[in-house]
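Reading through the structure tokens given below for one structure.
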Amino acid sequence: MDKSSIEIKVRGYHLDVYQHVNNARFLEMLEEARWSHYDAYPPKMFIEEGWGFVVVNINIDYKSPAVLGDVLNIQTELSRIGGSSLTLRQEVSVKGTGVLAAGADVTFVIIDLKTKKVLPVEGQLLEVLTRKL
Amino acid sequence: MDKSSIEIKVRGYHLDVYQHVNNARFLEMLEEARWSHYDAYPPKMFIEEGWGFVVVNINIDYKSPAVLGDVLNIQTELSRIGGSSLTLRQEVSVKGTGVLAAGADVTFVIIDLKTKKVLPVEGQLLEVLTRKL
Amino acid sequence: MDKSSIEIKVRGYHLDVYQHVNNARFLEMLEEARWSHYDAYPPKMFIEEGWGFVVVNINIDYKSPAVLGDVLNIQTELSRIGGSSLTLRQEVSVKGTGVLAAGADVTFVIIDLKTKKVLPVEGQLLEVLTRKL
Amino acid sequence: MDKSSIEIKVRGYHLDVYQHVNNARFLEMLEEARWSHYDAYPPKMFIEEGWGFVVVNINIDYKSPAVLGDVLNIQTELSRIGGSSLTLRQEVSVKGTGVLAAGADVTFVIIDLKTKKVLPVEGQLLEVLTRKL
């Protein structure tokens, strides 16, 4: 399957008053994983030339606390391709135990940064998003 | 209705490469609004004495970009009370135009910080969460 | 004196593993105070028209921990005007007790966003930075 | 020399309105590098057993903007050992060009988390901080 994964070690600054990784921080980790998922494509393509990756919905389940010293494994996989939007499935689990800390469906569109219009998911764009190019 | 609201002005550090408020930053703003929603109750009650406010799901729609200088109005309202979990409806709109930037359903449980067990939503806890105490 | 102040209440997401406000978070709070200090001037002037506020040095002393529920008072004052750089003195104290949590000297330049050159501190720019316009 | 280094790739969420890495975000990157510098020692030693790593001063020069796609190399080295405080020298440079983006002196103390007293830098503590243990 076309799945990518990264690892992030939980540090003191990721935690909040409950001593677990903060709910907003998980979203930042998911974003890091998405940039990594498409890392083979230059930022130039996505930013300067005009494709904007715009998140339209995130549905995230927080299943189990992630704590100091945990090494988190974040897996990312394209799970749905629509005519104009797509969904990435992202799961964060603790390395070693495999316990799921969080699972999210992240739905996004690609816009033309100049016209701000949503681009149809086809041709070269589809190939890049499915990492076939 | 038992709705609260706060205002946050969009600053340069809230933005990302797309020059709009970053998706994770919105979650931090929603958390700020939740703390404010229950601000009449001392942190001591929620933290030191033993009630942990633990988010189990966030389903957020990003509807329209929020940009530098926008004053965001964030409204928070308890929208569902279950036996063990509750849901807050939170909406972020741009002051002046009223345009909705983001809308989220945030589902949470209250745990006993010592035993880590989920507490039933009843009695004094219910009164605090519905802000009737 | 030409001093401004803002208040920020310490929330659960500001804390780190030590249960005090994280060192990097203080810098975000100082940046919030700087935007507020120049809030009478539209972002358009600073961003779109071409003045970039670029920090070149921050020297910050962390004096005392800020904890959950503290209301922080952040004072900002222009303390030095040089030919090309300026320094803001910013102090964060706990409301009520007045205990100093952090004190920082923030040195910055204003650049022309198009040419990336540092602008001389004179004329209209000087009047804006000293808040006399 | 006893120098460690890590790499962090600049992503869209690290940037601010000026399209460069935000000043506060650099501090988070430096903190990541400090955790990494002492990664051979378990969090248990530093947190649960009672050594608190408390930053008392950061003096950071922002030398050159870091932008989207840059791979940052962050070097950390113990540069001063005092009786009660120590200083780490941390430098952030852009991989490939070697251009210095930021350089910081981070002064810290180790406190006993129970008594909140500053510990003298000697014995086992000194060996850990100099990474000789």
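Per-chain residue numbering starts at 1, and chain names A, B, C and D are given in the order in which the chains are listed.
Following the convention adopted for this analysis, contacts are C-beta pairs under 8 Å (C-beta built on N, C-alpha and C of every residue); 3 or more make two chains touch, one makes a residue touch a chain.
Just so it is clear, the structure is predicted and the values come from calculations on it, not from any experiment.
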Copies chain D and chain A - interface residue numbers shared by over half, same or different: same
Chain located farthest away, centre of chain D as origin (C-alpha): B
Euclidean distance of C-alpha centroids - chain A vs chain D, Å: 27
Approximate Å spacing (C-alpha centroids) for the pair chain B, chain D: 33
Touching two or more other chains - residues of chain B: 11-13, 17-18, 22, 24, 28, 31, 47, 68
Of all residues in chain C, those that touch chain B in their complex: 9, 11-13, 28, 31-32, 35, 39, 42-44, 47, 68-69
Touch list for chain A against partner chain B, complex: 17-18, 22-25, 27-28, 31, 47, 52, 54-62, 113
Touch list for chain B against partner chain D, complex: 11-13, 15-19, 22, 24, 68
